[in-house]
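What follows are several structures.
The following pair of complexes shares a single chain, chain A, combined with chain B in the former and chain C in the latter.
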Partner chain A sequence: MRNDGLSITHSHVGPVCVVTLDGRIDSTNADDLMVHLKGLIDAGEKNVLVDLGAVLYLTSAAFRVLLVATDEAERNAARLALCSVIGQVRELFEMGGLVDAFTILGSREEALAQLD
Partner chain B sequence: MRSIELMVHNDATGSARVRETLDHFAAEHGIDGKPLIQLQVVLDEIISNISKYGWSDGGVHEFRVRITLADNVLAIEITDDGQPYDPRSAPPPPSPGPGGRRRPGGVGLHLVRQLVDGFDYKRVGRHNHVTLTKRCVADAGAATGNPDEERRT
Partner chain C sequence: MLSQSLVLARKLWPSWTDSRVERQLVRPPELLYAVEESPPPTVLVASAVQHVAVIAITLIFPLILGAEAGLNRLQFIDLVSLSMLAIGVSTILLCLRSAFIGCGYLCPACYTAIFLGPSLFALQHGGLPLVFGMTIVSGLVQVVIAPILRRLRALMPSEIAGLVIAIVGLALAALGVRYMLGITAQETVEPSYLVVSALSLAAMSALNVWGKGYPKMFCVLIGMAVGYIASAALGVLDFSSAMPPDGLPILRLPHLDHIGYRFDPIVLAPFIVAAFASTLRVMGDVTNCQRLNDKDWVRPNFGSLAGGVAGNGLATIFCGLAGTLGPNSYSSCIGLSAATGVTSRVIGYAVGIMYILLALVPAAAVLFAAMPKPVMGAALFFTAAFVFTSGMQMITARMLDARKTLVIGFSFAMAVMADVYQNVFMLAPAVLQPIVSNSLVLGTVCAVTLNLIMRLGIRQRVTLKLRQGENKREAIERLLSTQGARWAARREVINRAIFGAVQVVEVIGDPAGGAEIEASFDEYNLDLLIRYAGAPLLIPEKRPTRREILASDEGERLLAGYLLRQSADRIAARAIGNRAEIYLHYDH
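Moving on to the complex of A and B:
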């Protein structure tokens, strides 16, 4: 495990910018995620897909960032969607009452098919 | 009974140190993945809450975290000399606003309430004492318990 607990990478698949998160998202690194997502939106990305399939867990600091980034995307005529929200990560979304607060699109493949 | 105690600062290093300490403690005692992950979420919420709101003077403060394992119950006690605050009293997250838009806020302690088996608070003198407990299957002889491994199984 990396010291900061989270790896953030992104790549392009057609018109979609896929952000892959790997590790844990908590109060110690949520700001890094905000900077990364805001940077993509500011750079003009219109379809941002955040893949949570390799996330071990996330805390309210991460939910805050995802909510703020979703708003930020909308203000820039872009959209931010999530995919691979599974297992314990999905349970945390459910416990937080946050499943309906985001666009959640199944697996990465399913999400890309819908966004393409 | 096995326990470990550490003093942490009210900044991001505090949360990171507690996270690493709990990981090591759990691995050492063979605590299985899901309770550990849930406790990591709980600790991040509680520690970051104390760090952000415990003191209003903007200064550096220290507080104590003690992790104890006894009879398959992991207990975490946090003691700070910040302003009095009972985290159990936090209101539930607000309902979505007009247009169904969900606002950030209130989610952390709402998660904590659901993730622990016990959530106690008392104010003693000038200190807040928060105790969180969670049942977990511990096996002192096991080498598992690292959530990174758990994730891949």
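Moving on to the complex of A and C:
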């Protein structure tokens, strides 16, 4: 799905549902991301991995959505982790002091190896 | 009382107490021991000894000062011992990791040609006391510069720093030739000196070009050893002339007989230039250390840079007090740590302690004090080549437009003219003598002045009106990406500015009458001014808690303000009537 600057796709690698984001995440598309993630969790996905490698930047609205989705996953006995948090996106996580608020797992390959 | 002091410190030293969160270093996999890691004792000692050997080469600069000052044997040994002590203390001050002093990396100190020229100039005007007094002043200048590093970038851009280094290289080469050939006041040449220096220089050059591993790494030291052997064979080496008259004890506290302090404004200019040049070198070296220890390095951490410059300033003051030349961070040691993959800060402390202990061993001082002049000359001439070319590389690292070409071309020519037409420049009024009688000062003053004049009118500005209902993110990205390319702005800075503007617009929503973004750019600054109808943005100093962010839109807005504060280099918001403005500044 490509909507207003952000492409959201998902695929399955073993037991892990990998959500690939491409573009920028702000208030204009954060709700779409929330709907997508909540849909996966409600559908019973137990391991959701969000790949941020192709994200240019994310605003406070995006951080809030990711926090809400993380809580939602925990409530459903599922796990939501992030991977490929690099470059400017990583800086934003660090600047916001939000690195510890999420499970961040290195590259996609490393993350899949850990979640498998 | 402490909190009051911290508030005062925050006002005085904003770059030290930067509110931005310090990035976590991402350890490069190729490093064997990163900055915070402690290697086992054997690796620690072996690494420290290598650094001690590399730094030892630069003791040549205090030796030259001692030779030019005509010190007697004992004073010469004292000078060398105190120079070892001072370089040990300097290394520790540079490597320290504390709030205000030290860069926090393995960044050892060395003696440098940067201070040699000004020191020889001061020596002519007022002897060693003037050298030491003005070295202290130069250290104070660095301590004052440290907190305002960011603001000085426009005054001393990298091409002017390169020019200063290149002029230092030229001066060094001239002095090297004098020592290599044994040129006297009568302009005669000493044939044995020529043989010794040629052999020594050939060994250094051959090992540097064709050698590998340790021979390449220690080419200067090996070349100097070749020079010592050749000097001994030709009767130029005379250890007895360096021995104290009453024998050589195993341990000896250096005496302070040759030390005194004088201050004279007539030689102030070269020492201020040296302070700036030294500061620039510390900045370059510390930046290199940061890159070496951080796989995801994006831009320099100014807190660490300021600490490094303050540490170098205090080290310079200590060197002046201890009766020796000013120090500087040492690029070769950073190159060595990169080559070996051992960058632990603790090695810096070990190097410092080793030099402090060596200062108590007079035999070590005698070994250096007896260094024949042609060997000194060969080492000087060899290092001059690297100093000069590294200056040239700094000059050409950025594209030279017409403005920069004239600044560098005119200033370099003036620096050379100061030496070529020395007699003519001596006719200048007395008030200008401190500037025109020294090539380093004349070149630097010319460059800084011309640079300031030619910067007039280079700031470019563009305004974007964001209408109600339009896709503001796309408009912002289009404007800043297009203008950024036109301005040749760094992509990383433009990306941060795009995030800043999009984040602001997200928080202010879709205000009545739209919003206006004014972007202005020059080589060192990118500024955004965003005007809109509404209340000014909240920019909290503390990050909202997870609970606050999740609880309400207000929590999200606080996070937005906090992210903006952290991502911009400066930020301000204010209300003007029923309208508001937010200012975002990014260093470029």
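In this text, the second predicted complex is superposed on the first by the 113 of 116 C-alpha atoms of A that agree within 3 Å, B and C clash if a C-alpha of one lies under 4 Å from a C-alpha of the other, contacts with A are read in each partner's own complex, and residues count from 1 in each chain.
Heads up, the rule we're going with is that a residue touches a chain if its C-beta (ideal position, glycine included) is under 8 Å from a C-beta of that chain, and two chains touch if they have at least 3 such contacts.
A quick note: this is a predicted structure, and the numbers were derived from the prediction, not measured.
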item: Contacts of A:67 with chain B and chain C, given as first, second, both or neither; value: both
item: Which superposed partner A:99 touches (first chain B, second chain C, both, neither); value: second
item: First, second, both or neither for A:26, with chain B first and chain C second; value: both
item: Touched partner set for A:56, first chain B, second chain C, both or neither; value: both
item: Which of chain B and chain C A:90 touches, first, second, both or neither; value: second
item: Touching partner for A:5 - first (chain B), second (chain C), both, neither; value: both
item: Contacts on chain A seen with chain B and repeated with chain C across the two complexes; value: 4-5, 24, 26-28, 56-57, 59-61, 63-64, 67-68, 88, 92, 95-97, 101
item: Chain C contact footprint on chain A (complex, rising order); value: 4-5, 24, 26-28, 56-57, 59-61, 63-64, 67-68, 71, 86-88, 90-92, 94-97, 99, 101
item: Touch list for chain A against partner chain B, complex; value: 1, 3-5, 24, 26-28, 54, 56-61, 63-64, 67-68, 88, 92, 95-98, 100-101
item: Residues of chain B touching chain A in the complex; value: 12, 15-16, 19, 23, 34, 37-38, 40-41, 44-45, 47-48, 93, 96, 100, 102-105, 107-108, 110-111, 114-115, 147-148, 151
item: List of chain C residues in touch with chain A within their complex; value: 20-21, 23-24, 296, 298, 471, 473-474, 492, 495-496, 498-499, 502-503, 506-507, 543, 546, 549-550, 555-557, 559-560, 562-563, 566-567
